[in-house]
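Pasting a structure below so you can have a look.
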């Protein structure tokens, strides 16, 4: 990308001064997470004894590990439902709530509420809402004359879990899009109106192109969140004292590392997941270069 | 002005943070050891009391207690150990013991035991075996749990069903559960189940049933899963039937009513250990206990223990062992008995007033007498992974989405793979 | 100029969508509060108004908690969260400004590396990071929770960079002509213009720091005076779930999010309504 200005003279000093905290963090983060995970994925380590060299063994085993393949497939399925859901709904909300309408403050507040709570707390109440016998959702269905649905049974669990995750994330997306929308210079709209553009045309010709930096950011963050989604899923689909009926990749990573003492396997799984995110990110950056409009 | 105020707040918070980082200079004199365990808030208070008593006797050793809930405990413990900063003494669940011992995480306690002749004499031998290896003990039990049948007296009285007794068989249990399953308000939904127990882990119901029906769980050399052979299939049929008859809610349905339906007053009977008692009392359940029912091959229950281990890399192993010794002595075990969560491993305390004469009308002796026909909950390498394969595999069966015998066949193959992997 | 008919229809559809959505958003909270005020026998009732209404569940929750624990736990949570917000906003904004505005060698590589650190799940990097902090001697102190907040972060930098990129560049050129330094441009032009994004980042960071269970658990002693409210309440909630005491459980859940809600409502004007309804003027 060739945007940006060339630093002159003393500006160079400022540049590095302002970057210093991030460079420290980056060194730490690159070593502590990227390099360490990459390194550990080449060893077998039980967390106690010195790690044993394993080479590519952990990666080869990934393809034979039925549990991980199932978990990984679930993660993919979850992501394809979750990412478009979050991006589209939160953009829609932001556009609707960026107008001078009655109650805009109330609506913004209400949609943002799930964002300022914790998954631990709200998963508990969603569990009650989804209850087959006692849940209010089935109560509403029955009142309308429909048959009750087993929301958290194997067949429906994925959909129910996606709904809760989207519920918890649209507020954050909405705020990011709202912030993005405010940066669109007012005269663009005025110019479009003078050209006789109607609301739809203004949305597609002015709003959407100019909000693409936020779309880019939000899609990428939603994808990363989707690949690492875990807390709601685990808490909603844990049955009895058992484990999750919708195992996802991060759950498999956690179990391998902390319960089965196979840090090498866990790291290989994490790298594989990261690679997938990286591919997605590369596509997004390519897309950014082509389509994202920066001022 | 506003900005200055803001800067002051941040600066003082930062100062407070740095102050927290200061450590007392290390030196001679008193040693400090750390003891971490999983448990409930009440347990933290009791262990703090045990630690205070210990400190009075051993003024040179200070013990720092750190209690977390079960899930958090293992995450934290693994991180501390992998990071090379293990706690000196930590709690161990017997089935997981071999996973830790075989990785060399634990200190061999045999030299200390040898140096204290007679130390183990007063302890129930059934509780010791789990921690014994070819070259001695790598851990010691703290307390033990036998599984018994709990029943809600009010619900039995209301339905006019006689209380469970020592002659009960599993068929009697099913028959009583059928009578106790009720739809009180006639809305077409069950609002009192005859029975409920956790069937994910083996400890609460299915290991007992398999043994009572003449089956086995795992081969002696820990290479073969035996839960599909001989009498074991009959035990599974018994459990499957409880679900099919609707006297026990399916695992997914049970989730709606909390993790323990007996405690939430939704079930008339359950099979569980002594750790559940304080919760049941607190919830105001009017209950008593009976021994596990008999099966065609006799009566069986499971005995399991929580224990103490010392980290191999502990810097103060002597002090750590002193603490374990104290916790297993009269004072420590008496405090533990009064806590009411478990049965002390020290015979003199378990068979004395501290345990048997606890407040309430509960027949405490049933837990103790069950030792006579109790079998140890299996301890083997890869236990947790194996239990996950079996438990997760059975859920679709009990939810009514899969057929029992076909699922069992698949589970056994996968479970044997786990055993091979953890050899 | 009269309103075209399609606009009215659109407004009605929009309102219907917003109201339905708002109810969906609110339902779990209303339900949580409702259950927390019920007597245990009514916990599965489908009536949202508690009858009878009781505060007993909140007292039950505190029965086992030492007297001063709640104070210490809340104080620790606030302290860590405020410091994290301060550190993150400052350091992320500086880096985001540089990444967005200045052209220098290695910029795209550094930025890609930064975003890449987001891709490793924290469950895996926990142990390597723990080992690094051990060598620094910080285990058992709050430093592993505070210091990293002051060395930037991928999420915050990324979010602010995307926002900075949309600010009209001619503002920079003008300031540069007047001889303003890079930091001046950041401090006097970009930061003030970015209030909505900074506000959004602040609340995201605050929430994440407040709700973090994993890191305080591992780095701090689990002690009712030293750890955070989230860790402390998790410890007290574990057995409630066993007995299906949803009334007390909901009281605990509500209490754990209450401080966040209060902060949010206090700051709400700034954060939500403060986001202007129309674009920047230039």
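Chains: A, B and C, in written order; residue numbering restarts at 1 for each.
Note that a contact is a pair of C-beta atoms (placed from the backbone, for glycine too) under 8 Å apart; a residue touches a chain by one contact, two chains touch by 3 or more.
These numbers come from a predicted model, not from an experiment.
Trainee: Quick check on the contact network: minimum steps from subunit A to subunit C?
Mentor: The fewest steps needed to get from subunit A to subunit C is 1.
Trainee: Using only Cα atoms to place each chain's centre, name the chain farthest from subunit A.
Mentor: Most distant chain from subunit A: B.
Trainee: When contacts are scored as defined above, which chain pair ends up with more C-beta pairs, A-B or B-C?
Mentor: Between B-C and A-B, contacts are more numerous in B-C.
Trainee: CA centre of subunit A versus CA centre of subunit C: separation in Å?
Mentor: 15
Trainee: Distance from the CA centroid of subunit B to that of subunit C, rounded to the nearest Å?
Mentor: From the centre of subunit B to the centre of subunit C is 37 Å.
Trainee: Tell me, which residues of subunit C touch at least two other chains?
Mentor: 44, 127, 213, 234, 241, 246
Trainee: Would you please write down the residue numbers of subunit B that are in contact with two or more other chains?
Mentor: Expected reply: 75, 78, 82, 257, 259.
Trainee: Give the residues of subunit A that touch two or more other chains, as numbers and ranges in rising order.
Mentor: If we look for residues of subunit A contacting two or more partner chains, we find 47, 128, 131, 134, 257-258, 263.
Trainee: Show which residues of subunit A lie in contact with subunit B when the two form their complex.
Mentor: Checking each residue of subunit A against subunit B gives 46-49, 66, 127-128, 131-135, 150, 152-154, 238-243, 245, 255, 257-261, 263.
Trainee: Subunit C touches which residues of subunit A in the complex?
Mentor: Subunit A reaches subunit C through residues 1-7, 10-11, 14-15, 17-19, 21-26, 28-34, 36-37, 40, 47, 92-93, 96-101, 104-122, 124-126, 128-129, 131, 134, 136, 139, 167, 171-172, 175-176, 178-189, 199, 210, 213-214, 216-217, 220-221, 224, 227-228, 250, 253-254, 257-258, 263, 266-267, 270, 273-274, 277-278, 281, 285, 294-295.
Trainee: If we count contacts the way the header does, which residues on subunit C are in touch with subunit B in the complex?
Mentor: Contacts found on subunit C: 44, 64-65, 79, 82-83, 86, 126-127, 130-131, 134, 137-139, 141-143, 146, 213-214, 217-218, 221-223, 231, 234-236, 238-239, 241-246.
Trainee: Using the touch definition from the top, list the residues of subunit C that touch subunit A in their complex.
Mentor: Subunit C residues touching subunit A: 7, 10-11, 14-15, 17-18, 21-22, 24-29, 31-32, 35, 44, 46, 91-92, 94-95, 97-98, 100-104, 107-108, 110, 112-121, 123-125, 127-129, 132, 148, 150-155, 157-159, 162-163, 165-169, 172-173, 176, 181-183, 186, 196-197, 200, 203-204, 207, 210-211, 213, 230, 234, 241, 246, 249-250, 252-254, 256-257, 260-261, 263-264, 268, 271-273, 275-282.
Trainee: Looking at the complex, which residues from subunit B come into contact with subunit A?
Mentor: 74-75, 78, 81-82, 99, 103-105, 189, 198-201, 251-257, 259, 382, 384-385, 388, 391-392, 395-396, 399, 401, 414
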